[in-house]
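Chain lettering (A, B, C, D, E and F) follows the sequence in which the chains are written, and residue indices restart at 1 in each chain.
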Amino acid sequence: MSDEDRYERGRARFLEVHDERALGQVEGLGELGRAIVEFAYGDVYSRPGLALRDREVAAGAALVATGRSSQIPQHLRAALQAGVTPDELREIILQTATIAGFPPAMNAMSTLKTVLGETGRE
Amino acid sequence: MSDEDRYERGRARFLEVHDERALGQVEGLGELGRAIVEFAYGDVYSRPGLALRDREVAAGAALVATGRSSQIPQHLRAALQAGVTPDELREIILQTATIAGFPPAMNAMSTLKTVLGETGRE
Amino acid sequence: MSDEDRYERGRARFLEVHDERALGQVEGLGELGRAIVEFAYGDVYSRPGLALRDREVAAGAALVATGRSSQIPQHLRAALQAGVTPDELREIILQTATIAGFPPAMNAMSTLKTVLGETGRE
Amino acid sequence: MSDEDRYERGRARFLEVHDERALGQVEGLGELGRAIVEFAYGDVYSRPGLALRDREVAAGAALVATGRSSQIPQHLRAALQAGVTPDELREIILQTATIAGFPPAMNAMSTLKTVLGETGRE
Amino acid sequence: MSDEDRYERGRARFLEVHDERALGQVEGLGELGRAIVEFAYGDVYSRPGLALRDREVAAGAALVATGRSSQIPQHLRAALQAGVTPDELREIILQTATIAGFPPAMNAMSTLKTVLGETGRE
Amino acid sequence: MSDEDRYERGRARFLEVHDERALGQVEGLGELGRAIVEFAYGDVYSRPGLALRDREVAAGAALVATGRSSQIPQHLRAALQAGVTPDELREIILQTATIAGFPPAMNAMSTLKTVLGETGRE
């Protein structure tokens, strides 16, 4: 597969997971954005061995646990789109509190409220 | 529910997720062990809103991302028992590298190899 | 002790450590808020073996060290209420710089200034 | 105060907090060891505004929360020497679990057991 | 060297690395600010064994990797002043993604864009 | 560039930075190892915009700051090979203590001693 094909595969996968607006932000990051599209979405997220819903359960938990607040809204939306319900997201955040402590879980739960408010799901 | 019931519920749930040996280690930690059994397993892991398989996908990703090496083997075994396949665990670890970097993923992948070797699955 | 009693014990303890406004925020977090009140305050903070002042010295240092900026103001206020003086808080933050680096200590020191300004103590 | 005086002040303070063996290890780290003795112990730990017992409550909590396993035994011993009781240390570790999660608290509790075993306090 | 000389050396070094405005912010942090000027800049940054450009490559990578967002702008500006080019900073951020994950690198790349915009370099 | 070419480019670059033994370990990690060779070394480390010596200054600082102890020896060796002197590595570790605290710097300094001992440079 050529570099251009990898980019296109990554771009298509990115749009299945997130949306055009999120892609615009990532593409605005230059070579880093290119690496995210090509490698994270073209290589990793495009691999067949794990369902997208599982990927978003894992991504959500990892982001909450490391307290990466800027990318949490994007992946909470992706999780909802991949079929994780709002109640399941609440359970994932609550459980992550046992692994990484209450403070990052509190921030993530507030973010989830905002995300659900925006999407009219709550 | 009384404190004793919570402890019993936690103990039963812990044994579904892990095993007697792991329970012995946790119970050897005194009041901290009691809190883990009662709260993490009696309260959180016993909640109905999230499948055990999802809980272990989330726990695995959160532990790999925070580099909590001591608890990773326990939860990789729990994930296998909850129906996550070895290939799915490899994908979860690979994907977590995009969120938390290659070094913690490399350690987790070595640990997974050891765990699979012990259980005769590889 | 029943679940309701645990919640009430946690609620009472929370109000000794923080205040009504902070409780409202935590209770707005649904099941996560319930877990914080029941477990962190009803179980852990209500245990007799450690003075509240010591708990807040420990909580302050742990929050500064992990850079959990959202919960720092709440626990700096709690520390002041538990008898830790502003000068002692400055020393705790300075010492934490030796363990976790200057950047999180700088953020915490700015937050302390704001908290002291609000409470008219500086 | 001259650099030599700072080093001597730091050395004396270090020996009050820890012991000769620990000092030997730190002095074996060259310029980094010198910076630890001069700055962390000569400047920070020698400041009058915070009791040594409080410093060790804070140091213990910060080390447990950040999972800095190599320095935990040294500071648990220092805490015991500064008058923190084994039960108080257990409470500090349990409480830190609410801020940083159970995994680093589990490691710290095992380390405390080892430290108490060595000192014949348990 | 007396304490006053150390402070003056640190102040002079700080102004070579950053600027008056940044110094004002640090000096506003009381004893913590004094420790940063005396120790981080008077002792560490004044040592002869490493070029300033190397120090800023290292500082930038360490701040991006630990996600210390508040101090990143200051050290990106310092890196530019020390001769690291905008393209080299982009490479450092991209490479740090392989060690600490894409999320902190994404934040750092956005911050770099802002810093370059302010300084009219982009 | 095809996937095979990317892998070959990454493999060649990896061998310039590290050595055959390190490559064997990475290739033993399956798809994760493939991603490291292709992406981290074939894409990122092969980019022309940053000198290898700078890359290793950055990698060293990022690994020390995040406390990723397993990969530190490999990158200290790579830094030495890329022309960073032992004294410069000591300065980088000392400076990283100001950003991430003394504990991870202490571990890194001990590791450096071991690495220098093995390579007969100390």
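The criterion applied here is as follows: a contact is a pair of C-beta atoms (placed from the backbone, for glycine too) under 8 Å apart; a residue touches a chain by one contact, two chains touch by 3 or more.
Because the structure is a prediction, the values reported are computed rather than measured.
Q: Give me the set of chains touching chain A intersected with the set touching chain F.
A: Shared contacts of chain A and chain F: B, C, D, E.
Q: Going only between touching chains, how few steps reach chain E from chain B?
A: Minimum number of steps from chain B to chain E: 1.
Q: Let me spell it out: compute each chain's centre from its C-alpha atoms, then which one is farthest from chain B's centre?
A: E
Q: Using the stated contact rule, I'd like to know whether B-F or C-D comes out ahead in C-beta pair count.
A: C-D
Q: Looking at where chain A touches chain E, is over half of the residue numbers used by both copies, so same, or under half, so different?
A: Both copies, chain A as well as chain E, present different residues to each other, with under half of the numbers appearing on both sides.
Q: Would you kindly say which chain has the C-alpha centre located farthest from the C-alpha centre of chain D?
A: A
Q: Could you give the separation in Å between the centres of chain C and chain F, each centre being the mean of its C-alpha atoms?
A: The answer is 39 Å.
Q: If you average the Cα atoms of chain A and of chain C to get two centres, how far apart are those centres in Å?
A: 31
Q: Multi-chain contacts only, two chains or more: what residues does chain E have there?
A: Those would be 31, 35, 39-40, 44, 47, 63, 65-68, 71, 90, 94, 97-103.
Q: Can you list the chain E residues touching chain D in their complex?
A: 1-3, 31, 35, 38-39, 43-44, 47
Q: Touching residues of chain C toward chain D in the complex: what are they?
A: Residues of chain C touching chain D: 39-40, 44-45, 47, 49-50, 54-55, 57-66, 68, 71, 87-88, 90-92, 94-100.
Q: In their shared complex, at which residues does chain D touch chain B?
A: Against chain B, chain D makes touches at 67, 90, 93-94, 97, 101-107, 109-110.
Q: Mind pulling up the chain F residues that touch chain C in the complex?
A: Chain F reaches chain C through residues 65, 97-103.
Q: Enumerate the contact residues on chain C facing chain A in the complex.
A: 26, 29-32, 35-36, 40, 63, 66-68, 70-71
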